[in-house]
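Just passing along the structure, written as structure tokens.
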């Protein structure tokens, strides 16, 4: 895989820079005949749109997506689908000092030493806006998975800083700016975040994303296991520092007699596995957790060095998120959709004519 | 990437089954001129050899590796290197009941529904012995990284079940069967594990693996970030349920002012990042944690179903690990080596002629 | 490789449709620090621009290329380079009848049966205009190869229909609309082509493309041989039906004592091989011939069927080339450049530190 | 694609050297449930076995293939299939002088300059025996294509040196050592070849390979066109210098009104295209020609240089083919099978649920 293409059969190549004229992607390998429109994609993009709450970046931009190719009379043709999003609000003058100095926690220092040249404007490729492209491509994948298999992919914030967010219902997730599945805790989160902002600091978060109704059998053994590809997709999201499937790190202290989900004719008796066994989907819900680190772009002064190696103090001004995890939920859903559609197609390629007489058991006992 | 090949430029394709006549791999893209012998590889394999302690599987096998190609007069030729390990001890009759019944926590059920055919003997491809191949390929990678860059890759067990294992020294890691960096705690681990075994159960573990002296600049932005590929490699190890880089899930509750490592002329002031920024190595130690789940192969009876969908009770007999995490350390080291060599080559491909005047700072303040 | 990405390390993903708002590509993996501008690319595009002669399609379009990303202060950054070319002249009403009927020799029938949906407007993805994108990406590759290695890539038309075009000089190639390396024969070609056009028919052509100063050692043995990748690149150009390296099909009737180029300290004594031995470049000129078929889009009526399977007569009206081979030269040069840069980077990845004491001999005796 | 793996979904990774203990390959992605045995593969291997005629190399070897994995109870499991062929007859002492001197027409000089190290024994990776592996993998592909789609892949020698071999019948191909579809011309071929051998020289050949009953719709537009991948596969066969599809180079001088195959309800009226339109299969027979160069390993003395750059005379002694094209037919068939199965799986992945009401017309009018 080249650095800019994600996926094997449903391959997404993104392009463009945050402070360039446009960003976009090419989706290659989408099955033909799927009804899709710019509106379908726009809905997903708007879920992540900054400016809808005081807790996220105040960049005002419509993020209007344009379909350049691959769709004819409202349906995918099977040929590559190019999506374009023009950049409009690019207050570049916010970034003046970083021409010469590396921001701690950002890719500045590493890019400089890798390429010997660094486009310092606005974070370039590693900016959070690049994720709009992933959400756009993910929208197509989500629609196909839903229509073909009834797969539902949804995520939420399960922790913010030190505050654990207990799950109450999926409906509540869309009712607040945090993607919190719990309206009751929202005031507490707002107070907390205002406090962090007043300290000119930032905090991390944990995102949980779930895929329901995934058929059994998706994934390739050994190196392209479904769980490995999910880990790859999630860790590839900027600011993610950890990925777990199912019980994840809690599995360490579990006995095998507890952790291993028993099978009954009525369904799997539990879901410690998080929906994946031997690298292949089991029919259980696929459950993934991501650890998102706190934003490095904070207004507090931090020690750093400049290109000459001299010590400097850096403080970021302008528009920043005190908690980038707030915007991560749609991106995590999109990445899970991209991994699943790729594996759906791979499975169809190799095993499209396999018919198994044994009954499949439900993912969970209803 | 096909399911059986790992890596883009240093590509490892493994083959063979645990209960077949042999397992092996092809390593393609190894730079020429590296001195390598079967002994170099054997040393790494022997680190993981079962039978050296009462706490691991009692399969007795020499795991003798043979180099079929790609080495001439003691040096790699640049052409593919084929390694072969013949299987000798294969007590297949241990697995009788599983012909018809699916073992909970194993890939049996998922393989059956994916392929419509399942080779039930000994776990087939998902068996722990397949990892010998990864360790063999990793040995070649480790040697090249060491010789060219002075990179040292070492791992240890940092937690077993509920017992946290504090790091004391690297030297102690090789002095016990657990890869514990702490001789003092070993008796406690042995008592604990004997207890688990007497309960006919199993427990999980956490592995920490560290790469020192990795140059700054390895990794590709956006989709092939070094951290994403590490996550992919580690989650692809059988029984792994979670991967973290640096502070991982602990980052969630950290303030940005703490988490973001400051840069000084004398070096990075901390290493919460775990050595990777913006998907590219920073020069700091690369630190990775893996969560390994408890073995599903336990002697306790568990509920399952058979091919006809009828309820069954399954208990595994024969040779099993009460804690597979014990053997994971060399595998995790090997996978980290494979990811790093692939990125070393990719970096050399794209940026082999980049010269940056700015001084690189040390990974940590000495 | 996904269907829309060419190359492994210097990877080009194209997008867009001939009759959509824009076409473009993403070039990923370009080494950083290369000076490049939209003008550099425009020069190459303009070499193929239709409308400059009565012998090519009368679509009037500026083909103005725009660099969306990957270039900063006039140099490549190492991050992906996105190029965009907006479509302007799209006289779609020329294609009315083909909504229901398949044009013989085109992809209409095959696309319909593959995807179950066909965008009939203007040839969609298989249109000759898509090649503008390849020429644009190839311009970047050409520049890097020239600056780093002094590689010169040039092509010409060596045959048109029944008329063989003897090579006289490289300078003459740019002096006529045919890319013929022979001004003397041009009047004969013009008469011939006018005759073909008056018959409302079309004719094929042969293109020869040469790369000089390619260092010895590029190419990967067995499956990614340089010659195999060149064949792949060239046969992938629309309308190409044959590819030869060096003496190609003439080698069949040659004795080994003639065909095998002897080596002398002063250089290779001949070049029947066309610059590639054992799949690796030898230092000799790389010489490739392409056979380009006659255009299917002719004004003569042809038998075909429509979507209902009923017989139909089809004649294409509007703007067409009586000899598409006329425009193939810049595309063939671009594809050769893309293959060579990819192999240059792969070679640097694996063998970047190889130093061979043996003198390299010149590609030919001067 | 790494240099040692062919194919995307049906991926073949080969390993081993001609003069090492064994050669083999791993086939990954084979659909499960295909009945396959070592005998099925052996039959294909034996078609190419040297020693069955005085016109091919006198290396005596059984080429017995062993299946190491991926087959259970006579059927493919969907997991990787490893094949092993042990080398037995390796008269290495035939190659003494080439330790220091480069053989003209071989890869010696290029390998040396690429890798800085060369395994001179017997041609190493570029030897003709490596092709046994391709034939073995191709046997599996052929069987699946035959059983699932009724595809028949057959080839023959259509030209030897200056002698054109007119096609009389498929049955005759297996009746002589040349794979000539014409028994009548065989004595002439034998006389001719004896003459060439007595001159201690070699001659080239042309192979034609045909795939019948390929469904319409296989192939990916733009870069992974079916014809491009076929060109890649064929040009990758050692000694091939040219590839044509359908009328190939003869298309140059054809009018469009002749070349473009008309469609009628009874089928395609001709097959100048060779079965591929717009990079996708049309249902017509796929027809491919390969130009095979004369063997460089001849007993005549040739000028070359040694590692020190000094002039040398080289004559190859021992066992050689005066016409390597004689053995190319099974290899060309195997490569076509490998390309077709890969595209069958890709098509099923993307378009497995496409249903087109329009009738498909026969590949040719019967």
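As written, the chain order gives the labels A, B, C and D, with residue 1 at the start of each chain.
Going forward, contacts are C-beta pairs under 8 Å (C-beta built on N, C-alpha and C of every residue); 3 or more make two chains touch, one makes a residue touch a chain.
Chain by chain, the UniProt names read as follows: A, B, C, D = Chorismate synthase.
From a predicted model like this one, the values you see are computed outputs, not experimental measurements.
Trainee: Does A-D or B-D have more contacting C-beta pairs?
Mentor: Counting C-beta pairs in contact for A-D and B-D gives the edge to B-D.
Trainee: Given that chain A is a copy of chain C, what angle of rotation, in degrees and a multiple of 5, matches their CA positions?
Mentor: 180
Trainee: Which chain lies the greatest distance away from chain D when centres are computed from Cα atoms alone?
Mentor: A
Trainee: Roughly how far is chain B from chain D, centre to centre by C-alpha average, rounded to an integer in Å?
Mentor: Whole-Å distance between the two chain centres: 39.
Trainee: Between chain C and chain D, tell me the centre distance in angstrom, where each centre is the average of that chain's C-alpha atoms.
Mentor: 26
Trainee: Please work out the Cα centroid separation of chain A and chain D, and write it as a whole number of Å.
Mentor: Chain A and chain D have C-alpha centres separated by 45 Å.
Trainee: Of all residues in chain B, which are in touch with two or more distinct other chains?
Mentor: 2-5, 8-9, 14, 29, 32-33, 78-80, 114-116, 125, 221-222, 351, 354
Trainee: Could you please specify the touching residues of chain D with respect to chain C in the complex?
Mentor: Per the touch definition, chain D meets chain C at residues 1-6, 8, 14, 102, 104-116, 125-126, 130, 159, 161-162, 196, 199, 201-206, 216-225, 227-236, 238, 240-249, 251-257, 259-265, 269, 273-274, 277-283, 291-298, 300, 302-305, 307-311, 325, 347, 351, 354-356, 358-361.
Trainee: Considering only the defined contacts, which chain B positions touch chain D in the complex?
Mentor: Touching chain D from chain B are residues 2-5, 7-9, 11, 13-17, 20-24, 26, 28-29, 32-33, 66, 68-70, 72-73, 75-80, 82, 84, 114-119, 124-125.
Trainee: So in the complex, which bits of chain C are touching chain B?
Mentor: 8-9, 29-33, 78-80, 148, 221-222, 345-346, 348-354
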